[in-house]
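Pasting the structures here.
The two complexes that follow have subunit A in common; it is paired with subunit B in the first and with subunit C in the second.
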Partner chain A sequence: MSEPLLKVKDLEVIYKTDLETVQAVNKISFELNKGETLGLVGETGAGKTTTALAILRLLPERNARVLGGSIEFDGHSIFDITEKEMQKIRGEKISMIFQDPMTALNPVMTVGDQIAESLILHNLEGRSRDQIEKRVEEVLELVGIPASRKKEYPHQFSGGMKQRVVIAMALACNPLLLISDEPTTALDVTIQAQVLSMMTELKEKLGTAMIMITHDLGIIAETCDNVGVIYAGEIIEYGTLDDIFTGEHHHPYTVGLFGSIPNIEKDEPRLHPIEGLMPDPTALPDGCNFSPRCPHCMDICKEVNPDILVNGTHKIKCHLFDDVEGFAATEKEAE
Partner chain B sequence: MDNNTAAVKAEVPQTPQKKKSKKNRQGKEIWRRYKKSTPAMIGFWLMIIVIAMAVFADVICPYSDCIKQDIMNRLQGPSMAHWFGTDEYGRDEFARIVHGSRSSLWIGVSSSVFSMAIGGFLGAIAAYYGKAVDNIIMRITDVVMTVPPILLSLAVVAALGASMTNLLIALTVSCTPGMIRLVRSVVIGLTDEEYVEAAKSYGASDLRIIFRYIVPNAMGPIIVTLTMNIASMILSASGLSYLGMGIQPPSPEWGSLLSDAESFMFTAPYLLYFPGIFIVIAALSFNLVGDGISDAFDPKLKD
Partner chain C sequence: MGQPLIQLNDLTKYFNISKTKSLHAVDGVTLTINEGETIGVVGESGCGKSTLGRTVIKLHEPTSGQIIYQGEDITNYKKSEMRKIRTDLQMIFQDPYSSINPRMCVQDLIAEPLIVNKVCKDKIEIYDKVSDLMDTVGLAQRLTGAYPHELDGGRRQRIGVARALALNPKFIVCDEPVSALDVSIQAQILNLLMDLQDERHLTYMFITHNMSVVKHISNEILVMYMGKCVEKCSSAELFKNPIHPYTKALLAAIPIPSIESRGKKNEPIKGEVTSPINPKPGCRFANRCPLATDECRGQDIPFEEISPDHYVACCKVKKEQ
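Here is the complex of A and B:
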């Protein structure tokens, strides 16, 4: 466990059009060890998917620019290798599960052929056609689909089954890292539970590291080891599952997120949403990005963007904890 | 059940034959779906008849029949001796139609297929790569499209000289821009699909994505346009023949048969009917087959 599998440091991504510049990801840093699961939570448009696409170098070339930062995977910098080498990494070492299983499958290919695609593309062990077919059947059974259905087309599967196929495709090559981009949003709750427990099981069986992107704290609680809360392109709180769910100190946004979940024990007539909207990513506020919506906003928050404060495994980016015991701005010293 | 037996069958042969048997299986599957549609089957048999006519023209009647003039028997109506009557020089109309099918079909099919190949390639590249590549290809296409197709063909034939090959080139050139536009628009829609992004995410190269993901999904509209083009190319060829730029007399060709008959429209209307009917049959059969194929290729319409 010396070198982390994935090291993202100060990643900055913008989407640039003629009219405006969208600051999608602002200096995100995190690390992921082999076999661990990192959850990224946040609202729509917080930059979760952009981060994921940047790791695979799949950002839309037309308008996305990586301004700065580095991504290191398995000891290599993702931005320094050629497209050819990147194609080798995609699917073989890092694979992605897409948000919407309804559209992530090619309608004119049988599911078996689609799963076989990445096996054919990354045929390291020199498998023959028969062995590939066998592996396809294996993977299908692994995700709980009878192997006899491999000759069927995507439209013959239900939504939950399609998502299983998408997962099977991602797992076919035993990747080191699996990026799941809201894998269960398109599914209903019962199927969601099935798919999640299946993914956790598979992850344990295969030792795959995973980045779980979601806006559902329940999913995070169920599957993750570490959690990063993303707001307006920044990780504003980061820690182990315990730090985030049972810890004492929290970023006001995280408190707000938890407050937005209905509590079954308290009989409350209304939910407690976070007031206001995400700041316009084309014109982020001065100081802390959360300050316009923050219930504890102080004068300093409107002027100075807070540093990341560290307390053991727990990191918070908020002025509230500037003077709280145990939190120290170690990030600064390191520079 | 069905799937299992197919799988067992496919696993029996050794590796070299393996690929073939897989292709076969897919072909059979498509054929099975194709057979279910009655219009498609009618189109299929009509197409077979028209093609057979072109292939076995010499067996049906010797070529000399269609150029042998018999001035005593000019403009005879249909009879046992001359099934479709005779034209202004007393040539047997039936023989001329049978032999005319060769050049008409050849011109219609090959110019459409060539324009599909060229247009498909350029259109797909323009759409997939976008930016400068797209701009260059599409602006050239725009320029070519500003010239009316018949003038364009005329210009090409005038520059290269009248012959079968040059006629083909002329028709292909005039037909390609439309194909480029069609393919480009279809492909642009498809490149935004999530399954294309998913394919990228597991490391597929651009070429593989174009040929495995985009082309098969774009096949439906392209095949339908192709078959429509076949019919309109037969007609355009006849227009050029009429202007003396296409097939040179006395060789028969459906379009020129039709334009020759024009002056006898009132005295011998059958000279108009028969080539017209055959052009319609050929065009209709290709259209029906095209529709049938594009449906058979679409797995969503299966069963």
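Here is the complex of A and C:
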């Protein structure tokens, strides 16, 4: 195993307004090795995007606060460095693909200029203008757009093509880590399949590590090595693809998530959704955050927030597994 | 099998863009929808599925073709005539965030169709009916006075469902009713729609781009590509035995949430949807199709029955059979 590239430990983020405090991320921890892909799945408002923004230190300064925890990237804590140093990391070592390609591009700049922007800002190798133009053409070809289209504006591209441009921008500096925040949600299925297969190919070719944020378990199954299931700002289950998709023990929320998707390969007369709604992040319940919706809720669940139980690579945050053989609460030692 | 409720004969809807250009949104759709069944309409964005849904219940005037509702040709009904049958034909809209008035509370929103159509005698009857409807769709009574911004997407979509149900319709066009919702909420709404269908013997036209949702809810599926029907058959048949190359590509493109199918994927189809403005005759899928030859271009491809109740528009397939 290689040295972890990214180490997030006990990250806590809140959004504060005059009236209330939104507990967006509550003690999330994970590690990511070089060249690996981590999938984060969860519903709207679970804290997926907030985690990603915290890694890039792009949280809105006005109301977001990082309460605790640490993020180490490539051996350095990103909370200890200055904004100037952070700017060097952003775009060059970590880059992000945003959800909506229609709004992520500047409509009044040609796509070539937009890709060149990050190359000019992070010009470590002292490239000349011509060399930068050449690199722009290279990355455009890489994502499957003819280099001759670099002088065109975003409105001349279709949705799938725009997302390719956004990916080209993200890859221009050969980043070590790519964060993709729902990269294909705005696209049609056939285009989604094109973009995903291209991303997987590029990731293997360039050896980039990736965090794939999505709500689609199908995308996770196709692209990721490890999976974290996020619910109300906590990772409630974490493991390898095998642990999550075929393993025998699961968090009740993960079970509910799988029960909610109509399976195209099986015939089921009825879906088995999770009853109720996500808890209000301004007033999380006592004990386990999932307890109000959980079909297996016990008395202890309403009082004590469960520890993370570890079984090899598989981690589950649930009282149901307190006494199950193989699961042990080893996470505590760190405190 | 129920009686045919709605029949479409060669239904066409063009939008005129300028004097010489027209956008062929729906092109020659022939379809029979039986009572108590669900027809799923799938396709990518811009393929005309929403336009089809709106044209069926005459929210758009069709350019040509016929709409027959319960044996009566309603194609040329005037607005006043439409109003009489409007109560039977309802619609659930895609986006629960923009399809309801933010300045009306839940009770008023659900009462609105009842008031407009003057179906109740007095206020008491209206509000009794509203509270019944709220029970039916699973909205708690305490939300009567709540405004849409206080509610999440799932609850808002339940208001949309309640509004569609208010007038006891026979036929509901569901235009992507769950695509704006999270998976766990999506499943709740799908179950609700299916329960209501059983209880009230409703007929649905279910428009979506999500193949797994459509498989789950439909009896019959119509696949559209750029305004044309490319394949129509029963839901089970479509997934077991897809014939048109576009249907195959569409099915292959769905990410499947299991790791067994990982790596077994076929190459995704190349290219993108071209413009539906003044399209050339011939198969509209030809320039993305792996099987396309000159034969596919230049002449219109008939939508033919290949095996019982399985219709496909592809000249390549017929040859093989």
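We adopt the following convention: the second predicted complex is superposed on the first by the 326 of 335 C-alpha atoms of A that agree within 3 Å, B and C clash if a C-alpha of one lies under 4 Å from a C-alpha of the other, contacts with A are read in each partner's own complex, and residues count from 1 in each chain.
Just so we're on the same page, a residue touches a chain if its C-beta (ideal position, glycine included) is under 8 Å from a C-beta of that chain, and two chains touch if they have at least 3 such contacts.
The model shown is predicted, which means the values in this text are computed figures rather than measured ones.
Engineer: Clash or fit: subunit B and subunit C on subunit A?
Structural biologist: With subunit A as the common anchor, subunit B and subunit C both fit in the superposed model.
Engineer: So, does A:D323 touch the first partner subunit B, the second partner subunit C, both, or neither?
Structural biologist: neither
Engineer: Could you say whether A:D18 touches subunit B, subunit C, both of them, or neither, answering first, second, both or neither?
Structural biologist: Neither subunit B nor subunit C is touched by A:D18.
Engineer: Applying the document's definition of touch, where does A:H122 land relative to subunit B and subunit C: first, second, both, or neither?
Structural biologist: first
Engineer: Which partner chains sit in contact with A:S158 here, subunit B, subunit C, both or neither? Use first/second/both/neither.
Structural biologist: In the superposition, A:S158 contacts subunit C only.
Engineer: For A:Q194, is the partner it touches subunit B (first), subunit C (second), both, or none of the two (neither)?
Structural biologist: second
Engineer: With the two complexes superposed on chain A, say which partner A:G91 touches: subunit B (first), subunit C (second), both, or neither.
Structural biologist: The answer is first: A:G91 touches subunit B but not subunit C.
Engineer: Which angle, to the nearest 10 degrees, do you get at the Cα centre of subunit A between the Cα centres of subunit B and subunit C?
Structural biologist: If I round to tens, I get 80 degrees.
Engineer: After the superposition on A, what does A:E248 contact: first (subunit B), second (subunit C), both or neither?
Structural biologist: Neither partner.
Engineer: Just how close are subunit B and subunit C at their nearest CA atoms in the overlay, in Å?
Structural biologist: In the combined three-chain model, subunit B comes within 16 Å of subunit C at the C-alpha level.
Engineer: State which residues of subunit A lie in both footprints, the one left by subunit B and the one left by subunit C.
Structural biologist: In subunit A, nothing is touched by subunit B and also by subunit C.
Engineer: Report the residues of subunit A in contact with subunit C in the complex, numbered from low to high.
Structural biologist: Counting only subunit A, the residues touching subunit C are 43-44, 158, 160-161, 188-194, 196-197, 215-222, 241-242, 245-246, 256-265, 267-268, 270-275, 277.
Engineer: Which of the residues in subunit A end up touching subunit B in this complex?
Structural biologist: Where subunit A meets subunit B, its residues are 56, 58, 62, 87-92, 95-96, 98-100, 103-109, 117-118, 121-122, 128-130, 148-149, 151-153, 155, 166, 169-170, 173.
Engineer: For subunit C, which residues are in contact with subunit A within the complex?
Structural biologist: These residues of subunit C touch subunit A: 44-45, 152-154, 182-188, 190-191, 194, 209, 211-213, 215-216, 236, 239, 249-250, 252-259, 261-262, 265, 267-270, 272-273.
Engineer: Which positions of subunit B touch subunit A when the two form their complex?
Structural biologist: Within the complex, subunit B contacts subunit A at residues 3-4, 6-7, 11, 15, 18-19, 130-131, 193-195, 197-205, 208, 212-213, 216-217, 297-300, 302.
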